[in-house]
Amino acid sequence: MSATKRYSMVVDTRRCVGCSACVLACMAENNVPDGYCRDWIVKEVKGRFPTLTQEIRSERCMHCTNPPCVDVCPTGASFVGEGGAVLIQQDDCTGCKACIASCPYDARYVHPEGHVDKCTFCMHRVKRGDNPACVSVCPTRALTFGDRNDPGSEISKLLAARKWKVLEPQAGTEPNVFFLE
Amino acid sequence: MNPTHHKADWNPYVAGVALGLVLLLTYALMGYGLGGSAAVTRVAVAGAHVVAPTVIEENAYLGTYVANGANPLDDWMIFEVIGVLLGGVLAAYSAKRIRRKNLFKGPTTSRATRIAFAIVGGILMGFAARLARGCTSGQALTGGSVMAVGSWIFMMAVFVGGYVTAPFARRQWR
Amino acid sequence: MMPFYQTGGFDYPVAMMLATLLGMGFGFVLERAGFARADVLVAQFHGTDMRVLKVMFTAIATTAVGIALLSGVGVMDVSKLVIPGTYLGPQIVGGLLLGAGFVISGYCPGTAVVAAGSGNLDGLYTIGGVMVGSLLFGFAYPLLDAFYQADGGLGKITFPDVLGVPWAVLALGVAVMAIGTFFLAEKLEKYYAKRAQIDPPSDSPKTRNRTLLSLGAVAAATLVTMAIPDPHVTNPPSRALASLDPIELATRIADGGDGMYLVDLRPAADCAKGSIPGAMCLPADDPDGAFLASLPPTRQLVLFGAKDVAAAPVSVSKYAGAVLKVAGGLEAFQAAVMEEPKPPTEATPESIAAFRLRAALHAHFTGATAPVSAPAPTIKPVTRAVKKGGGC
Amino acid sequence: MAISRRSFIKISGATFGAAAVAGGIGSRLLASGHGDYVPNPDTDGDQVIPSFCEICFWKCGILAHVKNGHVTKIVGNPDHPLSQGRLCPRGTGGTGLLYDPDRLKKPLIRKDVRGKQVFEEVSWEKALDYIAERLTELKKKHGPESLAIFNHGYGASWFKQLFKAYGTDNFGAPSYAQCRGAREKAFELTFGSPVGSPEKLDIENTRVLTLIGSHLGENMHNTQVQELANAIGKGAELVVVDPRFSTVAGKARYWLPIKPGTDTALLLAWMHVIIGERLYDIDYVEKYAIGLDKLTEHVKDKTPEWAAVETGIAPEVIVETARFIAGAHPSSLIHPGRRSNWHGNDTQRGRAIAVLNALLGTWGRKGGFFLPTSYAVPKVAAAKGISHTFREPPDVPEGQVVPFLGEALAHGLRDASLPGAKVAYPIKAWFVYGTNLVQALPEPQKTIEALKALDFVVAVDVLPAEITGWADVVLPEATYLERYDDLHAPPWKEGYVAIRQPVVPPLFDSKPGAWIASELGKRLGLSDYLHNDVEAYLDERLKKLGTNLAEMKEKGVLRQGKEPVFIEEGVEPTFATPSGKIELFSQQIADSGLNPLPEYTRLDGGPAGHFRLLVGRTPAHTFGRTTNNRFLSRVYDENAVWLNADRATELGFKSGDRVMVVNQDGATAGPITVRATQGIRSDCVYMVHGYGHTANGLQFASGRGADDTQLVTKVAIDPLMGGTGINVNFVRLERFEA
Amino acid sequence: MNQQLVEVISNRANAGIDPHLHIWGWEIPAYLFLGGVVAGLMILLAGLELRHKEKPRSAATEWMPLVAVALLSLGMLFLFLDLANKEHVYRFYMTFRPTSPMSWGSWILLLVYPALLLMYVSGLSAERREWLLSIKPIQALRLGALVRWTMAFGDKHRSKILWVTLGAGVGLGAYTGLLLGTMVARPQWNSAIMAPLFLTSGISTGAAVMLLTRLDKRESATLVRWDIAAIAVELSLLVVLLLGLSSGNVYSQEAAASFLGGPYTASFWSLVVIAGLVVPLTLNVLEVRRHTPMTLYAPALVLIGGLALRAILVTAGQASGLH
C-alpha cells in the first residue's frame, strides 16, 4: 500500500439511472448557488431507431492528476490538496477564469460571490470518514469513492474487475473519475 | 463644368461588361444579386436599436430587422457592402486617386451647400429605396438583369425623376 | 447546379464570406467606372456624360445574356433565382424620388459607399442621409403600409413570363436595345457637350465597338441554346430498384407503415378504386417529380404497379431518399395477403411460421380482429371489495 | 506546396505535450500551496431528526439536518428498510417544498364566484367555523354522503376518520382508477391479493426482469430502483417492452418497441410459446394454479406470428424473448407496473401479466413476489367507535355495471357531482385533501363543470395548486416536515414501524392535518370519534409496542428483524381466490359475463396525422405536486414532447422548437419544447405529466411546459374495474407562434 | 440515412459555461488587442531606432512610448474589468506561478512599464528634456534629480534599453498568444502557432498605430515594409494554424471547420483575412511598388482586422471543446 492517498471516484454507468439525486444532494450539502451545479447528469443515446444504445453518466470535476486548471492559475488559488483532490482557496482567487477555460470538462464556474467554484470531492466529509454527498445519496449505488492507492479499497477492486474509461483521455489530464462500462 | 475624366477610368462599355460579369457571378453563386441601400439601412437600424431599442422593436417596419433577437448586421448585404467599400478602396488606390476629405462640387458652390445637398439627396434616396424595396443597385441593376418587370419600371422612373430634377439641382455644379 | 447557394451548394457562413468577395468586385468595378465621383454621375442627367446609362445597360445586357446562356446549357436553374417582386405604385414613386435624390446628392446609395471609401466626404454625407431616410421611412410606415404592400403586389413577374418569350430571345433583345440606346446616347452627349462648351467623353471607339460586338455575338449565340433539349427529359437517371417482399411490406403496414411512402404507380383512376392500404396515388400532374421532391427523404419510397415495376418513372429521381419496389406489385401483394393461405404441405418449422404469419396478415388485412371470438357479455356485478393501496 | 500531414500534427501537438509535461511538474511542485486547507460549506445540522418522506407516497425514512432552526439538508435514514440510507432526488429536495415561497400562508375564504381568484385571508377560527357551518347545513339538506373526499397522501388518515364519523364513505383517490386500479384488480382476481404499495416485489434477486410499459428508474420508487440497480449489479437481464427508449430500456438486453396498446397480444404469444414448449414452472402450476387447460386452449392460436402483426415485433424476437424469460423462472419477474390504466382493456392486460407470472412461478418466490410480513402495531381506539353503515359510493352511473369495483372511482365521484348525473344520489360538496384534481383527473372539462356546480368545496393543501382556485375555503396545511402523522407499518420484506414528526415548527400560519381534523371535529360535534391529541395518541400506540413517543422520535424507525417471506424459506402461500388457488382461468370473471381468460382487444387508431399521446414521469418530480419546487426544478424544470426524429424532420420540427399540442377534440396544451429523438416509435409522442400549471400562485411552475391532462378529453373505461384508460387520445403538434 | 446518430442530453446549465463556454466577453479580446499593439510598438520603436541610428527622429516616435503606456493601462483596465473577484486583483503579485502564462504575463507587464518610461525619458531631444524637467508635477514631487539621472543612465545605456524593450515586447506579444495557446481544453486555441501569430499581429497593429501619426518619411517607409512582412507572415501563420487544426484530431477538425464553413467563417474571412490582412497588404504593396500616396486606410484596416482576429478567436475558442 502506497503511503499517499489518491482519492478517486468510480461511476457505474450500468447502475446509474440518471435520477439526479447526486446533483441535488451536492447542491444541498455544498450550498451551491442557484443556477449552478457542481455535478450533473449526461445521457448519451447513440444509433437509429430501433437499434439504440445509451450511456448515463454522473459527471463532475475529474480531480485530474495533471490538472490544467492548477497549472494556469496565476495566483495559486487552485491547488492540489490532500489525496490529490483539486481544490480552490477562495481568498486567493481573482476570478480571472483562466482555469475555467483550461478545463476540458467544463467543471468550473464563477460563483456569484466572484471566486471560481467546483466539486471538492466533499473533502470536508471525506476528512471525517464519510463519503461525498453524491456517493452517500445515490439510490442505485452507482457511485463509489475511495483511495485508489489502497489495493484493498472497493474502488481499486472495481477498477480491477470491470472495464472502465475516463473522459477525454487525449487531453493528458489523467482524470481520477472513472466510468465503468 | 467638365467631369473629371481620369486615365484610370475604364471604357464604360468594358466597365459595364465587368460589372455584368460580377453580377452574373453573384447570381450563379448566390441566386440573388447585388445591392447597396439595404446594408445602409441595416446599419442605421442597428445603431438606432442600440440607442432606443424599444422604439425600433415596436416599429412595424424597422422592428422586422430585429425581430426575435435577430442581429440586423448579420446579413449578406452587410458583408457585401463591406466588400464594396474594400473594393472601392483597392480600386482607388491602384488608380492613385485616393483622396482625403474631398468634396465634389461646383467651383462657386460652398462646401456647406454641397454637404446639405448630399444629405438631403441621401434622405430622399433612403426613403425611396425602402419604399421601392431597393435602390439603383438592388432594384434597377439586379432586377433589371433578371427581367423583372417592376425593376425595369423602377429604372425608368429613376431616369425620369433624375431628368426632371436635374435642372433644379444644377446650381451646385456651377 | 447554379445558383449554388439556393441549391444547397454551400452554407450561410460561406455565403457571407463570398458576399465580401463579390462586393469587392462590385466596388472595384464601380470605382473604376468612375462612379465614385459625383460630378461624373450627375453628368448623366445633364447629358454631358452618359456613362451611367452605358455602364448600367451594358451590365444588364451582359448579365441577362449570361443567365440565358447558363440556363440554356442547363447549368443554372432560373426558377431558383431570387427575383424582385413587382409593386407598381411603390416602385414608380420610389423610382421618381430616388432619381431626384440621385441628382441632388450626386450619388446613388451603392456608389456613395464607394465614394466614401475612396475618401470623398460628400459620399459619406450621402450615406448619412440614406440612413436617416430609411429610418424616416420606418417611422412613416404606419401611414404608408397599405401603399407599400399594394395588396401583396403583382408577384415576381418577369418579361419572359409576361411575354411568353424565351430568355435567350429576350436577352438578345436587351442587348440590341442597349446598343441602340448607346448610339443615341453618344449623339446626345455630343449635343450637350457642345452646348456646355466642353469636350464630349472621348472613350476609345475601337474598344467600344469590340466590346459591344462581342456582347452582341454572345447574345446571338445564346439563341443556339434553345435548340438544346431539356437535359432532365432526355437523360433520365435510372435507378436499379431493390425489391420489398409483399409479406414484409404487409408486416410493415400492419406496424403502422411509418417508415415508408407507399406509392401506387397505376393510373389514378385504378388507384382511386382501391389499392394497398396506406398507399398514395402518384399525382398525375407530377411528371416532373415536384411532389416527390417535396417529400422529406426520411422514409423509403416504396413503389408498386399492377405487376412488378420494371423501371422507375423518371420523376422518382427527384426523391432524395431510398427507393424500393414491391416485388410482383399489387397482384403479388393481394396473392400473398388478401387470399386465404393454405396450410403447408410439408410441415417444417419454417413453413409453419410462414403460414402462420400469412394467416395473421390475412386476418389483419381482411378485417378480422383477434382470432378469438369474445362471448357476448351480460355483465353481472360482484360485491365491492376494497383493498387499500397508495398513491401513483 | 507539399507539407506532410504528420509535421502539422507535430506542430499542433507541440504545446499539447509541453503543457502536459509542465502540468505534471507544476502540480507536484506546487501541490502543497495551501497545506491541508479544505473548503467547508458547514451544512451539517445541529440536530439530525428522523422522519419519513412525503414528496411521493413511497414513505422512505429520512434524516433532516436542522441548523439554527433551518432545515439545511435531508438525507436517507440508514435504518429504514425502504430508503436504506439513500434517497431519490425528490426526497433530497424536500426542503424545496418546505421553503417554497409560494406556499399557502393563511386560511382563505372565497369572495367571488368559483374560478375567479378572489379570496379573503381569514383566521383559522373563522375558516373552520365557516366550514363546520356549511357541512352541518349540507348534512341536513342532502345527507352526509353527498360529501365526497378526494385525497392523496398519508396525512389523509385524520380526515378519513373525521368524515367517516360525519357519515360518508365517499373517499376517492385519483391514484386508484387513474393509476393502480387495473393492476390491483387483475392480481386480486388471479392471486387473491393485490400487488399493494410498496409493491411486494423481490427485484433484487430476480434474474430476468420484464417491464411492460413501466419505466422504472424514471418512476423513482426508491427501493425498487435500488433493487433494480442491485439486480443489474448482480448480472440480472432486462426485457423492456415500451414504445419509447426509456432509461431502463437503455439497460435492457431486449428492448421491444411495441405498438402502443398491443402488450396483451405479446403476453399471449409469450404464453403460447412458454406453454407450447413446456417452459413454465410445471410443478408450481400443478400445485398452486387452476385453469391451465383452458389457458392452453386459449393461447393456442395466439402464435408469435399473429402477435407480430399486432405488435410490430418480429415473430422470432417474440419466441426468443419468451424462451429467455422462461429460462430464468422462477426468478423471472414480469413487473406488474404501477400506473396501469392505459387503454380500457387494462385489467385483462394485468391478468395476462399475472397469469404469466403464475406460469413462471414467481408468486412467493425469490426474485419474484415476496409474501410480505408487517409489524403488528396495535390500534388505539377513539372514545367512540363508528357504528353507522355507509351508502355505496355513487361512482358508477345507474344502469351501468362494473363487476369488480374496488376503491371508489375518483372520476366517478366527480361525474356524480355533475348536474343531471344519473346516479343513486348526487354529490354536492367536495373536501379535497392534497390532490390537484384539475390536473389529476382525466377529462378536465368535466372537473371544471362539476366544480362550478357544487354547493361547497374545501381544499386543504400546502401549495396554491389549481384546485385551490376553485375552492370556497382553502386551508394551508403544514408540510410533512412540520407535522406528526400516523405511524407507518406497511407489509414488506421485514416488518417495521416508522414515525413522522415535525423537524421544524410550521411556517407561516399553516397547521398540521391532525389539528385541522380535530378542530373541525370539535365544531361538528364529532370530537369523541377522533384522536384529538396527536402526541398522546402516538405515545399510547407506541407504548403498546413497548416503546414510547420520546424514544421513537430519537430512533425514527423500529424494525422487527428478518422473517421468512418466500416459499423457499418455508412460507406456504395462501390465495384468497374463490378456489383458493391461483386462477389462470377466473370463474369470477366468467360469472360476471366477461372473458375469464386474458383477452386482447385491438385498439382503434387515431385520426390521420395524429400521434398517440403517452405520458410518464421524470425521476426528479412527483407530477404536478413538485413542479413548483424550485430546488427540484434545478435538475428538471420543464417537460418536453418526445417526437420520433424522422417524423420531426418530415414535419419540419427540430429539438428545441416550441409547439402547441392539439388533440383530436381540439383541446390544446403548451407551449412545450420538442425533443426530436430516435428513442420513440413514430406513431406516438410522449411527455412527462405534471407540467403546464396555470395557477398564478404557483409562480415558478405556472406556464412551464405543457399539461397533458388538458389533452385527455377522452377516456376508455375498463369494463372490469371501471378505471380510466387515458392513452386513447391522439395529438398533433403545431408550431407555437409567440 | 444509416449514419450513427448521437443525442446528448445534459442537465448542467451553469451560467457562463453552457451550452458552451462564454466566460470572456469583449474585455479579454480588447485587452489582448491592446497588449499586442503595445508589444508591437515596443518592438517597432526599438527596431526603428536600432535601424536608423544616426537619423533625426520624428516627434511622434518620441512620445510614442507614452502612447504605449496609455494603451497598456487601458488594456489592463479591461483586464481588471473582466475579473470576477476584483478586490483580489493584488493576488497576481503575491506569487509567481511558473506554469501559468497569466502569471508570467502579469510580471512581464511590470517590466514593460519601467522599460517604456525609461525609453521615453532617455529618448527625448534636448529641448524636450528641458520641458519635461520644467513641468509642474516633476518639480512639485522633486523628481528632477531622478529624471536627470534617468536621462544620463539612458544616454549611457540607450542601446541596451532598446534591446530590453525589444525583448519585453516580444515577451508581451508572445504571451498574449501563449495564454490561449496552452489551453489543451480548447482545440481552437491549443496550438503552438498562437504565440507567433499574436506576436506578428501585434507588430502589424503596432505599426498601424504608428502610421496613423505624423512620422518621418524614412520611418514610415521602413514601417510599411515591415508591416508588409508582418502581414505576410501573419497570413501564412493563419494558413498553418488552419491546416494544423484540420489535420488534428476530431475536435481540432471541428474547431477548424468553424472557420471553414462553420459559424465563424464569414466574420473571420471577411473581417480578418480580407479586410484586415489581404486588402491592407495590397494597399501597402501598392504604396511601396507604385508609390501611391500614403493614407490611413491600410493602418485603419489593420487595426480593425487585429481586433477582429482576437475577438473571433476568443469567441470561437470558447465555443470549441473536447466533447
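The first chain written gets the first letter, and so on, giving A, B, C, D and E; residue counts start at 1 in each chain.
Criterion: contacts are C-beta pairs under 8 Å (C-beta built on N, C-alpha and C of every residue); 3 or more make two chains touch, one makes a residue touch a chain.
Model, not experiment: these values are computed from the prediction.
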item	value
Lowest number of touching-chain links that must be crossed from subunit A to subunit B	2
Shared chain contacts [subunit A and subunit D, defined touch]	E
Path length in the contact graph (subunit B to subunit D, fewest steps)	2
Farthest chain relative to subunit A (centres taken as mean CA coordinates)	B
Chain closest to the middle, measuring from C-alpha centroids that were averaged per chain	A
Contact pairs, highest-scoring chain pair	B-C
Whole-Å separation of chain centres (CA-atom averages), subunit B against subunit C	28
Approximate Å spacing (C-alpha centroids) for the pair subunit B, subunit E	36
Centroid spacing, where centroids are CA-atom means, of subunit C and subunit D in whole angstrom	53
Contacts with two or more other chains, residues of subunit D listed in rising order	16, 19-20, 22-23, 26, 30, 635-636, 644-646, 677-679, 681-682
Subunit A: positions in contact with at least two other chains	20, 23, 37, 41, 43, 45, 47-48, 68, 70-71, 76, 92, 172-173
Two or more partner chains touched - positions in subunit E	1, 5, 7, 11, 97, 99, 182, 184, 266, 270, 274-275, 295
Set of all touching chain pairs, with the criterion as stated earlier	A-D, A-E, B-C, B-E, C-D, C-E, D-E
Partner subunit A, residues of subunit D touching it in the complex	16-17, 19-20, 22-24, 26-27, 30-31, 33-34, 36-41, 43, 72-76, 85-89, 91-93, 95, 217-218, 220, 222, 225-226, 228-230, 232-233, 245, 247-251, 255, 257, 619-620, 630-632, 634-636, 644-646, 677-682
Subunit D-touching residues of subunit C, taken from the complex the two chains share	251, 254-256, 258-259, 295-296, 298-299, 353, 356-357, 359-361, 363-364, 369-372, 374-375, 377-382, 384-392
Residues of subunit E defined as touching subunit D within the complex	1, 5, 7, 11, 97-99, 181-182, 184, 190-193, 240, 243-245, 247-248, 252
Touching residues (chain side subunit E, partner subunit A) in the complex	1-2, 4-18, 21, 23-24, 82-89, 91-92, 94-95, 97, 99-103, 105-106, 179, 182-186, 249, 317-318, 321-323
Subunit C-facing residues of subunit B, complex	1-6, 8-37, 39-41, 43-45, 47-48, 56, 59-62, 76-77, 79-92, 95, 97-105, 114-115, 117-166, 169-170, 173
